[in-house]
Amino acid sequence: MHATEFLLPTRFGTGGLGGCYAPETLMQPLLDLEEAFRMALDDPSFRVELKSELRHFVGRPTPLTSATRLAAKFGLQGLFLKREDLTHTGAHKINNAMAQALLARRMGKSEIIAETGAGQHGVAAAAACARLGLKCTVYMGVTDMARQAPNVARMRLFGTKVVPVEAGQGTLKEAVNEALRAWAARCDKAHYILGSALGPHPFPTMVRTFQTVIGEEARAQMLEQTVSLPDAVIACAGGGSNGLGLLVPFLGDDLHRFAVEAGGHGSALGEHAARLDGGRLGVLHGCKTLLLQDQHGHTAETASISAGLDYPALGPELAALALDGKIEVLRASDAQALEAAQWLCESEGILPALESSHALALLPELAKRGFATVLLGLSGRGDKDLSTYQSKLGI
Amino acid sequence: MNKLLPFIMAGDPSLAALPQLLAEAKALGIEALEIGLPHSDPIADGPVLQAAAHRAIQRGATPLRVLEMLAGLTESPDLILFTYLNPLLQIGADRLLDLLWPTPVKALLVVDLPDSEEAEFEAKLRTAGFPMIPLLSPTTDIERAKGLLERRPDPGPGHPFAQRFAYVVARLGVTGTGDTTDLAPVRERVAALKAISDRPLAVGFGLSDSAAMAEVRAMGATPVIGSALVQALANGGGLVDILRSRMNG
Amino acid sequence: MHATEFLLPTRFGTGGLGGCYAPETLMQPLLDLEEAFRMALDDPSFRVELKSELRHFVGRPTPLTSATRLAAKFGLQGLFLKREDLTHTGAHKINNAMAQALLARRMGKSEIIAETGAGQHGVAAAAACARLGLKCTVYMGVTDMARQAPNVARMRLFGTKVVPVEAGQGTLKEAVNEALRAWAARCDKAHYILGSALGPHPFPTMVRTFQTVIGEEARAQMLEQTVSLPDAVIACAGGGSNGLGLLVPFLGDDLHRFAVEAGGHGSALGEHAARLDGGRLGVLHGCKTLLLQDQHGHTAETASISAGLDYPALGPELAALALDGKIEVLRASDAQALEAAQWLCESEGILPALESSHALALLPELAKRGFATVLLGLSGRGDKDLSTYQSKLGI
Amino acid sequence: MNKLLPFIMAGDPSLAALPQLLAEAKALGIEALEIGLPHSDPIADGPVLQAAAHRAIQRGATPLRVLEMLAGLTESPDLILFTYLNPLLQIGADRLLDLLWPTPVKALLVVDLPDSEEAEFEAKLRTAGFPMIPLLSPTTDIERAKGLLERRPDPGPGHPFAQRFAYVVARLGVTGTGDTTDLAPVRERVAALKAISDRPLAVGFGLSDSAAMAEVRAMGATPVIGSALVQALANGGGLVDILRSRMNG
């Protein structure tokens, strides 16, 4: 039996972002995927299995760390870090990768395809596949392979085949292109584990669903540890799975929500990956969303010191929430992110991923705006970025 | 029956050569031709068409310049504008229609636009005489195919092939040369489709030599030659030479 | 007031291992340290503070992962991994480093001195110091600095001064020498955070006490997850803090306990770090224990692919337990450890530290001996060892 | 009062030179001398003595060969064997005594052996006439010092300086040259120790020039010259020259 139509909403917000702009070859696989996803969510045995893997393999719940010294540095009353850096493989990506790998196994798929930018999703997918005995192929841009070399080695150690993508800038966008092509060729046997809340329906919804565990845990932990909610919640946003994962569970609360994009090294098109100001609505990789593009509708080049934020499109749900005023989108430059990483290292003994450092960089701004307590999503650890930190910070 | 549906990438080898190529195709007896509007992120294309699109963009073959170059051409087969959604969306339906009127474009094949996703945009174009060609792939079962063919209906025998046909994707994957060797599955699908519709069918993806073309014709469908043609043109081959051998048999 | 005598037992086992063979300059600091340690353990506020840091900063309890695919590979019925690799900074070392840093703060010390081999203890000490605002200096052999370069960068990012030790083989032994010397010079202001269950009293007892959280958690988790205890418990042993941390809480149980030493690349003196067979009782770094030494009582050279096991002395308590037959000590060679790392990577998607891989390497042997369920201490993650894995495994 | 307590590392510059050096020291009027038995892991020594020990070991100055070299020497000051525990422990008390009898060694200073740790071993040596010299450091408060002096007692005026003195460590840290500049704290400690004991005191760690030596003498204690002497000998200096200038003042 094949699913014949989508039953979950495919669009987000008043602008109707999202959708499923996929080649026909992928339509049935996407329909089947949505069905499998819905069935799995309704199946207590899947939920138990996922919960068990998240707890016993991934290391959930991740801690909520009170960062008192860093808070004091900016005059914040309280700063709480949601520690996705402590998950197995070192970033929030594993929450989604493991869930989708379990889903793939349920669907009888024996192969996994994935793309990766920073390599964290690739490593997460590789780890999940090794654990479940699935064959895994990861597509990665050559630029990203160079700047996140340790992650390439980690994937290979997990038995994953890493395919270099030479096209274009050799970053995440090209990796997604290539993964989509590979999936079209193998969609009968393979599941495509997309790594962020982007792509055609049902990926954005599915990935967000698998990531809201971050915010759900954090919300409960805030209440447990401080008996109140923070004044502001902030997370970095590449595709947006980390941002949505943390922020969505706080949508009903009376507090400020922030997502931080990569400001790169300038404000001209091509010098950053800040889609809110710099982008227009467009369609890329199967969904309609805020997109950095030129006047011809061609995807623009992007720049960011952090591979994981270096992507021209904001995930559609996050873009919709931003356009509808429910999440405020800010940006941090390469230089600001580097400085912020040092703050956290020296004040709290935590080495953040370059991606997460973009959220940290906005702390002085939040303090200036008068927020007293802040919850910040530390999406990953910075081990993968060591060589960048070394060369840029002269360590 | 239409013997061959060639695909060329606008702007490759060059934009200036386009009128000449189209004229040659027409002179050869080519009734309809797919013309690729190069896009930065051709997710359904293999290496050959990716590279061609990339070269074309480098050489300035922007959507507007391509459509302007086509404006007023009469010595041309009917054209199917083969592309991705975003460039068209950025132009917008109204302006796009203004641009399309003066060209030989008769229909559009937008690879990443399922019929439901931009209903208003698509309806505007169809109403104005620019229908979207339905794609049917190996993952499209017969029930789904029925729906697709209904929602992007055959405008009927009074209309040219370019507006009527459905595109049958020969195999899983992306466009590319010469790797669809076993045509048995597509033969079955063509037969099944013929049982539910008498719409003309084109079969493409991975066909390159005359033998494959002949096999498709034997199914009662029009073979598409895409990557193989684009590659040969890029290598300096002449359109007439390349196509002539593949039109017979 | 100064403490005038030790009140805790300073010796272990029937052989009376351990002791406090320290220069007079360090005797009063060691007496004071024991007193502070005893007071802290008796002080509920210290226990609360430590527990809170372990939970909210370090990420305890660490998961117990059922490794079914790896178990199946060797015909084991069950294999359970105690995931110290998921702690903050990536190894069990942080349990002790954070506890001692808190103790140092209580003692009014503003500076920390530490030695490191693999760099994991150094990184842990650096992180704990950054978090508590203590100045930190880490001594590290030049050979170890080269083979564990990422950890050097991590320490420096945390604001720690890493002092290269050129002497001898440039490994852990020389680093301890130099840290002891530095402590003698600064013992009025500085606390020395020793990184393993070795050194003069009270260090072995203190470090073991701060590490038994590993085994206590694991024992409770085994009972919770399998309703029974394993047949065998196994951990690698450098100084022995990880081994004791896991094994001591199982000493009263009817099961087999194993510690695995570095077999290096041969069985001649100088080619390994296997102290049980290769060593004789002797005194090094303040304690009497099994020691690799030549006939003159000079410390012998050692060799191991894993910096963290490359140390000529077994911690005195572990040595005593081994000599008294309570823990069986085995060895794994460099080559076996490398192969074992690959097993875990490919079967479970977990990249083990080279040290932990030594324990993994004995799994086939345990299976052969008929143990059905095994609990294994995964002492750390292998990110620090990536370049070794890459070059040795040709990744 | 003993004017100067020199330290030399056995085997550096060479083991063969040792008898000659000792004879020179004796001729100079040196009553007692600390002789370092080189150890692989000298945790209480600074760079100069570390390097000297390392050179000596490289040149084969094993504990046995050093003690054999000392056997039968008469032209020598009283020697204090200055070393770390492990080499002695490996030899064992009985054998060690056999080795010590024929030598000018009168006492031992084992840097990493607190009086409680190897009671039996230490008692055997003491009973046989080889007492351990107590060390008193800046971290040793006066109460603790009392205990240390009691547990390693002065054998009394009938015994040579080498067996009677206590070693006062001048500053925190390890042995090394010329960095103990402020002698006020050690002066206070020496005064306090003199108030509780009339045992001879030697003061060492970081003393190198004649001025420092003189200051120590002014406290009523014997200055130790260690690293500075070892370094000078390693640089090719003559023992007599180096010591003579530091014996007066």
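Chains here go by letter, A, B, C and D, matching the order in which they are written, and residues are numbered from 1 within each.
Following the convention adopted for this analysis, a contact is a pair of C-beta atoms (placed from the backbone, for glycine too) under 8 Å apart; a residue touches a chain by one contact, two chains touch by 3 or more.
Everything numeric in this text was worked out from a predicted model, so none of it was measured.
Most remote from chain A, judged by the distance between CA-atom centroids, is D. Inter-chain spacing, taken between the CA centroids of chain A and chain D, is 66 Å. If you average the CA atoms of chain B and of chain D, the two centres end up 96 Å from each other. Here the spacing of chain C and chain D, counted between their Cα centres, is 36 Å. Chain contact topology: the protein chains form an open path, each linked only to its neighbours in the line. Put simply, chain A touches chain B in their complex at residues 2, 4, 19-29, 167-168, 173, 177, 180-181, 184-188, 280, 282-286, 291, 293, 295-299. Residue ranges on chain B touching chain A, taken from their complex, read 39-46, 50, 54, 57, 62-64, 84-91, 111-114, 117, 135-141, 143-144, 147-148, 169, 172-174.
The touching residues of chain A, when paired with chain C in their complex, are 55-59, 62-66, 69, 83, 85-89, 126-131, 133, 150, 153-154, 156-159, 225, 341-342, 345-351, 383, 386, 389-390, 393, 395.
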